[in-house]
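Note that chain A is present in both complexes that follow, paired respectively with chain B and with chain C.
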Partner chain A sequence: MDIVTDRVIVWLGGIATRPIANVTADTDLLDAGVLDSIEILNLISYIEEVFNIAVPVDEFVPDNFRTPGAIAALVGRLREPTA
Partner chain B sequence: MAPSALLSWMTDAAGREDIAVRETKRAVTYGALREGVLATAAALRAAGVNAGDRVAIALPKSIAALECLLACLVIGAAYVPLDRRAPAGYLRMLLRDLAPRLAVVTPEIATSLKADAANPPAQSGLPPLAVPTQGAGASLLLVDEPRNRLDCPESPNDLAAILYTSGSTGVPKGIMLSTANISCFTEWAGRTFAVASSDQVSSHAPFHFDLSLFDIFCTLAAHGTLHIPDETTLLFPGALRNWIADAAITVWYSVPAALVYLSARQGMQGLTSLRQILFAGEVFPVPALRRLMTDLPGAQYVNLYGPTETNVCTWHRLASPPESDLAAVPIGLQCDHYEVSIRDETGQTLPDGETGEICVTGPGVMTGYWQQPALTASSRLPGRDASYRTGDFGYRRDDGQLMYSGRRDQQVKSRGQRIELVTLENTLNAHPAVREAVVIPAAGVGGTRLLVFATPREAEIDTRILQSFVANHLPAAYVPHRINWLSELPRSFNGKTDRAALRDLARNLPDL
Partner chain C sequence: MPIDRHVDVLVVGGGPAGSTAATQLAKQGYDVLLVDKQHHPRETVGESLLPSAWKYFDLLGVTDAVVAHGFIRKAGGIVAWGDQLSQIAFRDFEYTRPGLHVERDALDALLLRHAAASGARVEEGVRADAIMTSEGHNEATLIRQGETGGERVRARLLIDASGQASVMARQLGTRQVNPEYRFIALWGYFADSLYMASGGTVRPFADVRTHPPMTFVSRLGEWGWSWHIPLKEMTSVGLVIPIDDYKRDSGRFATLEAYFLSVCHQAAHLGQLLAGATLVNGGIRVMRDFSYVSDVVAGPGFMITGDAAGFVDPIFSIGVVMALYSGQLSAWTADRLLRQPDRAEAIRAMFAHQMRGRYRLAHTMALPGVESASSEAPGAYFDFFSDAEKQLMWSAASMTTRSANLSRISEGQEPPAKPRRLDLAGIDFNQLALAGN
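On to the complex of A and B.
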C-alpha cells in the first residue's frame, strides 16, 4: 500500500468525534454515512497540506475522492510534473 | 375549494412537454409532474390526510419529495420538510411537537424511528409512517395502520408549510407560512428577477430551508426548469461547476458559503449562463464577493435579507463590485410587499442613521410559531398581527439603503465598549490572508474575550499581524484577543456558519 493511501486511512481512524476503522484502499468514502460533508472537506484540506498540492477545480470531483486508492492516484498525478 | 395560488402552474400543465424538474438520473415534464402530484395526493388521501392536516416529509431532495410536498398543497394540508440527516431522537422530538397526520420518510428513518422499542415513551409520540415506493409514479407504501393516528389538532386555515428552525435556546420553532405568505414573496421575486420559462433554476438549498421557496414556487409559476443536484455534487466544486455548466443554470440562489467555496477555487470563471446570482442567510465576506464579481462579471448579484419568519424583506442589487474589501454591502431597500422600520426597545421608530432593531410589517410575515402563541405574540410589534421584530440590528443610510449591524446577541461589550461582531468580522475578512473569519465572544478572567476562528486563504499568519490590522481600522476595543486557525469552519445543515459548534470549541480553549 502506498504512502498516500496509508495516510488517508490513518487520518480516518483518527477523526476525534467518530473514528472510522476497517478502511481499505477500495472503501467507498462517499457512500451514505461514511463521511459527512465537513469530514470530507477536512480530509481534502489535510491532503492538500501534507502532500503540498492544490487540487484544481477540474480535478475537484467525487471520483477523485471516492476511495483512498483514488485519492492516492490523484495525489500522484498532481505531484508528477515537479517530481 | 379554490386551487392554491402556489399551484397556478397546474391549471394548464396537463400534457405539457416542457421539462419542469430535472434531477441526476431523471427529468419530468410539466404534464408528468402534474400527474405525479395528483397520484401522490390520492395516496396521501388514502392514508387519511385531509385539508387542515400536516404531513412531515423526511426524504432525500428529489422529484419524489417535491411531488409529495406539492401533493400536500393540492389537498389543502401543510407540508413540513425535515432534515433527513438529523438524528432519530431529534426527528422524534420534532414529530412529537408537530403531531402530523402522517410522516413520509425513507425506509432507513422509519427503522431508526422505531428502533427504540424498549423505550415506549419514545414510540408513543410517533405519527403513522409511510415510505415512498420505488420507481415512477410516486404512490405511497404505508408502513403503519392509520388507526395508530394521534390526536392531531387542525392547522390554521390556508397553512401551506411549517419550516423548523433551531431556536437560540435549542428548542426548535415551527414557523407557520400560509399560502398568502409564500405567494406574496414568490410573486415579488418572480417579477423582480424576471424569472421566465427559459430559466434554468438551481435548487441548492434543502427543502426545509426557506431559500427553497423561491426555487420551487418561482420556477414552477414561470414554467421554468428546476434543477436538483445530488448531494455529492454539492460537496465538490469541480462537480458543482460541471453541473452548473451542463444544466446551463441561469438563476442561482444560495447562502454565501456555497459561492465562496466555489469561487475560492476559481470555480465560477466562465459560467456565463448565470444571469442572476442571489444570496441570503448571512453576510457575504466582501473580498470573496469582489473576487466572485470580478471572476464572473456578466451576472447580476443580489443581496437578499430576511429571517425565515418574513422570508426576504429587503434586497440590494450590486451595480458593481464593492470598491474596497472594507466596504459594507447594504441589505438595501424594502420589498414592495413590506414596510421595514428601525425601532428602539420601546417600539418607537428611529430617525435615519440611528441603529435599532429591524422590524417588518406586511403580508409575508408568518402566521406564527406552531403551537407557541406566547412566543408568537412576543415576536410582534404591539397591536400589529402581520409584523415581526427580527432581533437583527441595523440602520438606514442617508441614501435610504438599509444596513445590517448584526444580531442582538452579536453586540457585546469588550474592554468596556459596545462593539458589533459583524463589524469586526467584516474587517478581519478584508485581510488578504483571511478566507473567512468568525468572532465568538467568550467570558474570560478579565471580561469578554474576542476569539476569532478563521480559515486562511493560503498560509496562516501571526496573530499580532491581524491584531494590528484591526487596530489600524477600528477602535481599540475591537482588537481580538486570539486567532484560532481552522481548515474549514463548521457549517450547520443549511450551510450557515455553525456558531454553536464554535462556541463549544471556544469553551475548550485553555487560558481564557
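On to the complex of A and C.
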C-alpha cells in the first residue's frame, strides 16, 4: 500500500461520526456512509494541506472519493511533480 | 460613506443556516457579526426534521440542548397518496436517533443563542441594507428597527442566509420563481387533533409523548398535498396547493379560513384526524411562490446559503437539514476563502457545485414530472450518498407519484428490489376506542 493511501486510512480512523474497522484501499467509503457530505469536505481540506494540492471542482466527483485507493490516485494526479 | 465597523464575516439572517455558519466561523476565531431583521424567538414554518439533523447538532455542539428541550420525537412518516397508504420508519435506514417535530421559534432561537455563546456577535431587529459586494471588502448599512439612519459595516465576506427574503438574489435579480410549480401554502395550528402513530394507529393528542407520532402526508388533487405534524402543545396542519387550483376553488368561500378548513376536512384521513379539533393560535398563515432558485449562489465577496439560495417543496422534510448542511458548507468555504484569497474563484466554484447539486437533487425528487434538463448533474450528485440514504430517498419517493424523476437520475444504480416501506390496509381507530373508555 502506498504512503498516500496509508495516510488517508489513518485520517479516516480519526473521524468521529462513523469510524469503521478494517478499511483497506478498496473499501467503499461512500456506500457505507463513512465519507458523508461533511466528512468529504474535511477530507478535501486534509489532503490539500498535507499533500500541498488544490482539488479543482471538476475532480469533485464520487468516483474520485469512493475508496482510499481512488483518493490516493486523485492526490497522485494533482500533486505537483517533485523536482 | 465612512465605515463605522469592520468584521471578518457578516451573516445576514439568523435561521438554521445563518446560525450554523456563524457558530462554526466564530469557533474558528473569526470575527463574525450576524444580523436578523426580526427578534427571536419568532415563528416560522418547516417543523419536521429528518434524523440526519442530529449529525449537524453534534457538529455544532447543541445536541444536549436540543434533547433537553424535549421536542416531539417522530418515528417516520405515513403517506396517503390516492389509494396507497404507506409508512416508512427511520429505524429501517440505519438511523439510531429519531426525527423531530419542532416548534421552529424554539429551535431557531436555541441555535441562534448558541451562535452568540460560541462567540458570534448577534444583533436582532437589525436589517442589512445597501449591500455592496466585492472581493475582500463588502459593505452594508445596518439599520435598527424604528431607526432611519444606520451604521456602515465592512466585512471581508458576506453570507446571505436571509431565507425566503433572499436578499442578495433579489438585489442581483437572479431569484427565479419556478414558473411550472407555483404553489401556495396555507397552514394553521389545531388543538386536540388526533394523530397517527406507527402502523396507522390513530391516537388522542394526549398520547403524543408516549407513542411517537408519524408525520402524516395526504395527497390533494393531482399535485397538491397536506401535512399533519403534531408538536408539543398543538398540531401544525398545512396545505400545499397549485396556485391555479387555489384560485379556482377558494373564491367559493367567504374567508380564507373557511376554504382552508373545508380542504382539510375533505382530505383523505386528515379530515378524520381533525374531526374534533379546533383551529387555534391566530388563524391561517399563507406563503406563495416559495419554489425558486437563485442562478448565482456565490460571487466576489459573498455566498448565498440555505433557503436564500433556493427552495423546492417541503414534501420530504429536507428544508432544515438542507439549511444546516449549507450553513456548514458556507463556514467551510468561508474559512478557505479567508485563508486562501488567491484561490477564491476555485473555492467558490466548489461551493456553487455543492449547492447546485443539492438543489437539483431536491428539485428532481420533490417536483412531479420535472423533465430535468441536466439529469447528469443530480445523478452524479446522488452517488455521493450512502446506501442507507439512497434507500431512504427511494423509499420516500415511492410513497408518492413523485418517484419517476428519481428513478431516471439514478440510472445505473441498483434500486431497491422493494422499497423499504410498509403498505397499510387502512387507518386503525381501535386505540382511540380503548382510550375513550
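Note that the second predicted complex is superposed on the first by the 75 of 83 C-alpha atoms of A that agree within 3 Å, B and C clash if a C-alpha of one lies under 4 Å from a C-alpha of the other, contacts with A are read in each partner's own complex, and residues count from 1 in each chain.
Please note the rule applied: contacts are C-beta pairs under 8 Å (C-beta built on N, C-alpha and C of every residue); 3 or more make two chains touch, one makes a residue touch a chain.
Just so you know, these numbers come straight off a predicted model, no measurement behind them.
Visitor: Per the contact definition in the header, classify A:30: touching chain B only (first), chain C only (second), both, or neither.
Guide: After superposition on chain A, A:30 lies in contact with both partners, chain B and chain C.
Visitor: Check whether A:57 is in contact with chain B, with chain C, with both or with neither, and answer first, second, both or neither.
Guide: both
Visitor: Does chain B (first) or chain C (second) touch A:41, or do both, or does neither?
Guide: both
Visitor: With the two complexes superposed on chain A, say which partner A:11 touches: chain B (first), chain C (second), both, or neither.
Guide: neither
Visitor: On chain A, which stretch or stretches are contacted by chain B in one complex as well as by chain C in the other?
Guide: Comparing the two interfaces on chain A, one with chain B and one with chain C, the shared residues are 30, 36-38, 40-41, 45, 55-57, 60-62, 65.
Visitor: Quick one: which bits of chain C touch chain A in the complex? Just the residue numbers, please.
Guide: Listed in rising order, the residues of chain C that touch chain A are 55, 58-59, 94, 325, 328-329, 332, 336, 343, 346, 349-350, 353-354, 380, 383-389.
Visitor: So in the complex, which bits of chain A are touching chain C?
Guide: That would be residues 17, 30-33, 36-38, 40-41, 45, 54-57, 60-62, 65 of chain A.
Visitor: For a test of understanding, state which residues of chain B touch chain A in their complex under the given definition.
Guide: 85, 232-239, 241-242, 265-267, 487-488, 490-491
Visitor: Give the list of chain A residues in touch with chain B in this complex.
Guide: Touch residues, chain A against chain B: 30, 36-38, 40-42, 45-46, 49, 55-62, 65.
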